[in-house]
Amino acid sequence: MLAILKEKKGPGVTLKEVPVSETPKGEVKVKVIYASICGTDVGIYDWTPWVAEKLTPPIIIGHEVVGEIIEINGQAPRLKKGDIVSSETHIFDNTCYQCRINNRHICENVQFFGYGRNGGFSEYATIPIHTTWKNDSRIPLEAMSVQEPLGNSVNVITKAGVAGKKVLIMGLGPTGLCAGMVAKVYGASEVVGLNRREYRRKLAKQIGFDRVLETLPEKEYGTFDVVCEMSGNIDTIQIALNAARIAGKIIAFGTPKKNVEFDWGVLINKEITIESVFGRRIWETWYQTSDLLISGKIDLRKIITHRFKLAEFEKAMGVMKSGECGKIMLIP
Amino acid sequence: MLAILKEKKGPGVTLKEVPVSETPKGEVKVKVIYASICGTDVGIYDWTPWVAEKLTPPIIIGHEVVGEIIEINGQAPRLKKGDIVSSETHIFDNTCYQCRINNRHICENVQFFGYGRNGGFSEYATIPIHTTWKNDSRIPLEAMSVQEPLGNSVNVITKAGVAGKKVLIMGLGPTGLCAGMVAKVYGASEVVGLNRREYRRKLAKQIGFDRVLETLPEKEYGTFDVVCEMSGNIDTIQIALNAARIAGKIIAFGTPKKNVEFDWGVLINKEITIESVFGRRIWETWYQTSDLLISGKIDLRKIITHRFKLAEFEKAMGVMKSGECGKIMLIP
Amino acid sequence: MLAILKEKKGPGVTLKEVPVSETPKGEVKVKVIYASICGTDVGIYDWTPWVAEKLTPPIIIGHEVVGEIIEINGQAPRLKKGDIVSSETHIFDNTCYQCRINNRHICENVQFFGYGRNGGFSEYATIPIHTTWKNDSRIPLEAMSVQEPLGNSVNVITKAGVAGKKVLIMGLGPTGLCAGMVAKVYGASEVVGLNRREYRRKLAKQIGFDRVLETLPEKEYGTFDVVCEMSGNIDTIQIALNAARIAGKIIAFGTPKKNVEFDWGVLINKEITIESVFGRRIWETWYQTSDLLISGKIDLRKIITHRFKLAEFEKAMGVMKSGECGKIMLIP
Amino acid sequence: MLAILKEKKGPGVTLKEVPVSETPKGEVKVKVIYASICGTDVGIYDWTPWVAEKLTPPIIIGHEVVGEIIEINGQAPRLKKGDIVSSETHIFDNTCYQCRINNRHICENVQFFGYGRNGGFSEYATIPIHTTWKNDSRIPLEAMSVQEPLGNSVNVITKAGVAGKKVLIMGLGPTGLCAGMVAKVYGASEVVGLNRREYRRKLAKQIGFDRVLETLPEKEYGTFDVVCEMSGNIDTIQIALNAARIAGKIIAFGTPKKNVEFDWGVLINKEITIESVFGRRIWETWYQTSDLLISGKIDLRKIITHRFKLAEFEKAMGVMKSGECGKIMLIP
């Protein structure tokens, strides 16, 4: 089968025919229907220090996928052949302290689908039974693949608690765009997007953001009840603190590549709360996400801007890096 | 009367005989019984940028006080002459948005007793009726003065929610020491103090900390459910993040003089929450604080290490700056 | 001026010309523009035991009003003549424990506008300065009067936390209808209304409820994340417990006239939480309510079904008691 | 082996020699060291309607146990032969909605150790691997058996949030007694016990309750921040509502045998919250409970008043029913 591999340490990937692997005990094998590219995949491509620490080649990359189960190896009372399933990226061990106190998504020994082990940018993939999510057939097939990043946004907005609140979304990549959509559905009084790139601001406006800004004007300082930091830029933390209202809340989601530097005193003087989101609550967030998609309140196709064949991966990565895109789909 | 004044911009203070001022409309006049020195008073003495921004000389400094009401100018249904009262430092305006939504302690137009206007390092002082707290007579007189910083610690520990939790207190000045005592009363499973100064660690041990540390050993990384940052050092934020457990909580209280720099990614990878405390909830925290003192569960005299006459202020400030002290009392 | 009075103990009211009263110290006088009838007013009319306990005649009744300030007697930094204002019904004393710990709406010595003292079913009314809410001019005038009951619903739905949740509203009087509208705006996944009266169910459907039911079928037992009890019927508590999902939440708002009886074990077996709402948070709820009306997300005119002159009060009360109505407005 | 069986429907139990059963797949076999009698066991003995609904004879009863693992049948990475373990009574299925959203203790298909299937009043017992708790060896052996009811109290007090609060414990059976001990450790300002039986009040006083009452005097109405209903009496709900302060919290734990009847209006007028507890959070509560026992802050031996051989079960049940006891231990 065709697969996108990180074959050795360093930048770049390899497109290659590889044998379809056996289905390990406790896993299912799926025929991949759609996959989608995540910002993390760019880091994997570029071989950032964060990736270098977590990824041991050779590995099939890709963690946002939807596929059809063609084989089950082990006890799986909720699954059967033919089910259309997605994968939760955080493979939890179910035995550590965090798993046992119901924080499985921040498992102390978490392994990552698609960068800690083989993922899904390939014609076939295997997924652990306990991180396999069975999809509701009313959800559009493409959306099923993008459900994992949407889940991040659902968790961000749920933790934020936006009903009746004025919300700033910093960074308008796919998770930022999704966060804005979810904030609208969950009753935010106003949702404002912030991004330096015009393409992204336009897209945000189209999908329902109330306003978009290139930079935050000083007159808006201290006016946001909630600020969602989804960009991972190092200079946005100070802006987030400035934007937040007294007693406001910041949600940290984007991971910067370097240390951040800012005035900690602002945090205290305004008595701001920072909550952070590492991923989706397992499985609370998935149920919420699924409901939003079934109801049609969130239509993920609005942010899917490009579709490529798996063999066109390099081209897709090029568009991804240009920033002139929403979510990019891969079709095996 | 004798008073400690910041007479002009720049370092230092002036001890001076000044006339006893009139009691403004809406205020009470008290004969000061005790006052105590706060870390902020050191900043006022040294004329730090933060102070330079907030303080317009000439001003009588000092905000931790207890006194007896000798005059009331205005409607004060809860007060009468002879009452022994303390002052809430945050003079709220009761008309801004934050006051109206029950966050009076972070009033948008807050004025500060003892650095935004005349305070209490003097024989007589006037306090707004609406920020005057009537003390319960069962509380030791000295403790009444130190109730305001204890209140900070009570709010820190209440926000932290320490029952059954392992707690690290970073910085063992009076608020750090108080935070440790409150954490013990409120059911922390273990309270560990961190300070570079041996004097402070010894004092912490005496008053009930389970353990004290000079530096945090790597083996304790990721083991604290709650980390209270009470030092205001710029390099402790990274240590706080390292110390905190996955899904742990950091309480930000100490205000550093410069920007902090740290790895924001740790925050996200561990899904840590940061809550911050600007002062005492008005009046929730005061009721809680008062209860702790009435019951005898907290004995503030254990952290009072020095007592000076008001006229010995320079000497007191010297001890304060040496760091070889707990709380320092001033007696007018 | 014309006023609706409870002149003596017992059922009924009196329409009567009375002199316009002086404006007491600390109050404003308003020319009433609109008033609206509340379920409590029916109890006042009928002289229920609850009312008999709280109301000492003679009193001008009516607590939902909007008017224009024509006189101010006292300090009122936020108000001026010509302001269009509404009244918060709960006149708090600002000195009791609950007021001091920021629960002013449940003041220990609360007095009620329109049944603990003169209210607003009259051409002119006086309102305490500290319970006067200045309206934003973008809100439709009629809605300003209905803002107080809408506030109850906003507080109910805010406490419930409905984002992504399946919600049952029991009782489709004006507060139930409002609760449904707010639940939709704040992101409930489905809002179902329950009422025996067809008129009310039809109205609910028109204003956006997803579904309405005459009785709760057994197959829906255990399926609601949130149940809002807005009817005050004694037999609905057991139905609420049956309707709620395991780990669900019930919001108690409607006050039954007699004791309720139910199986407390269901509460425990399902680990249900019951939160209750006595009124609007002062002023958090008012800000939220105002935002919903300014934005146009809630249009209260949709539930206003009848308009009467003040002199037609008896006719209005007749319609009110028939149950074939939404909100009924009175025009002085 | 000797076992206590409910052999057939109706009151009473049978002491009988039965063969030691095989260890089913996915379970461990333990040699029971101690067992303890729960209030539920009285209901089982008496064959109450609640029990009649859940229990299909023949079954070995008893769910509070500690034993040594002598056989493991299945994957159990955290367990090995010789481990001293206790049993979580709620056998969750790990596949229902509640299990998947991290509420395993209120599993939709929960099965009960010792009344939904064979339990532990016998010389040997088998426990599902996934509900087996491995004990810390520093905990006294007897306490390990009583850890399960203590866990209920830990969850009650944790949900209540008692730091600095005045707490009323209604019902001073073993869980009520434990709740009082935990409330003291977790920082309650005052813990008051309520029980009609002098024996129980005396025991409560000995183990650290601040005060005990036979009935609640009217002057204490409205003074408790937290009321824990641990008695299961039908007439205590109204008393709980009377006892609670405005904005107070009631924790529902005790399950009455009949419908309760009370004034729902009090709930609303005081804006009281009722939270309920069905059992221990799995495994959060167990970690907390274990910490309390390891630290010695809770010494369960203080409430163990009687010890009987398993063969003396009828005698033990007699004492249990007399109410003149704390916790009763059984020794196989």
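Order of writing sets the labels: A, B, C and D. Residues in every chain begin at 1.
Just so it is clear, contacts are C-beta pairs under 8 Å (C-beta built on N, C-alpha and C of every residue); 3 or more make two chains touch, one makes a residue touch a chain.
Small disclaimer: the values here were computed from a predicted structure and weren't measured.
Homomeric contact chain C/chain D: same residue numbering on both sides for over half of the interface positions. In terms of C-beta pairs in contact, the better-connected of the chain pairs A-C and A-D is A-C. Averaging C-alpha coordinates per chain places the centre of chain A 42 Å away from that of chain D.
For chain D, the set of residues that touch two or more other chains is empty. Contact residues on chain C toward chain B in their complex (touch as defined above): 77-78, 95, 97, 100-102, 104, 281, 283-284, 287. Taken together, the chain A residues at the contact with chain C in this complex read 158, 161-164, 185-187, 189, 288, 291-292, 295.
Contacts from chain C toward chain D in the complex involve residues 50, 98, 103, 106, 108, 234, 237, 246-247, 252-256, 259-265, 267-278.
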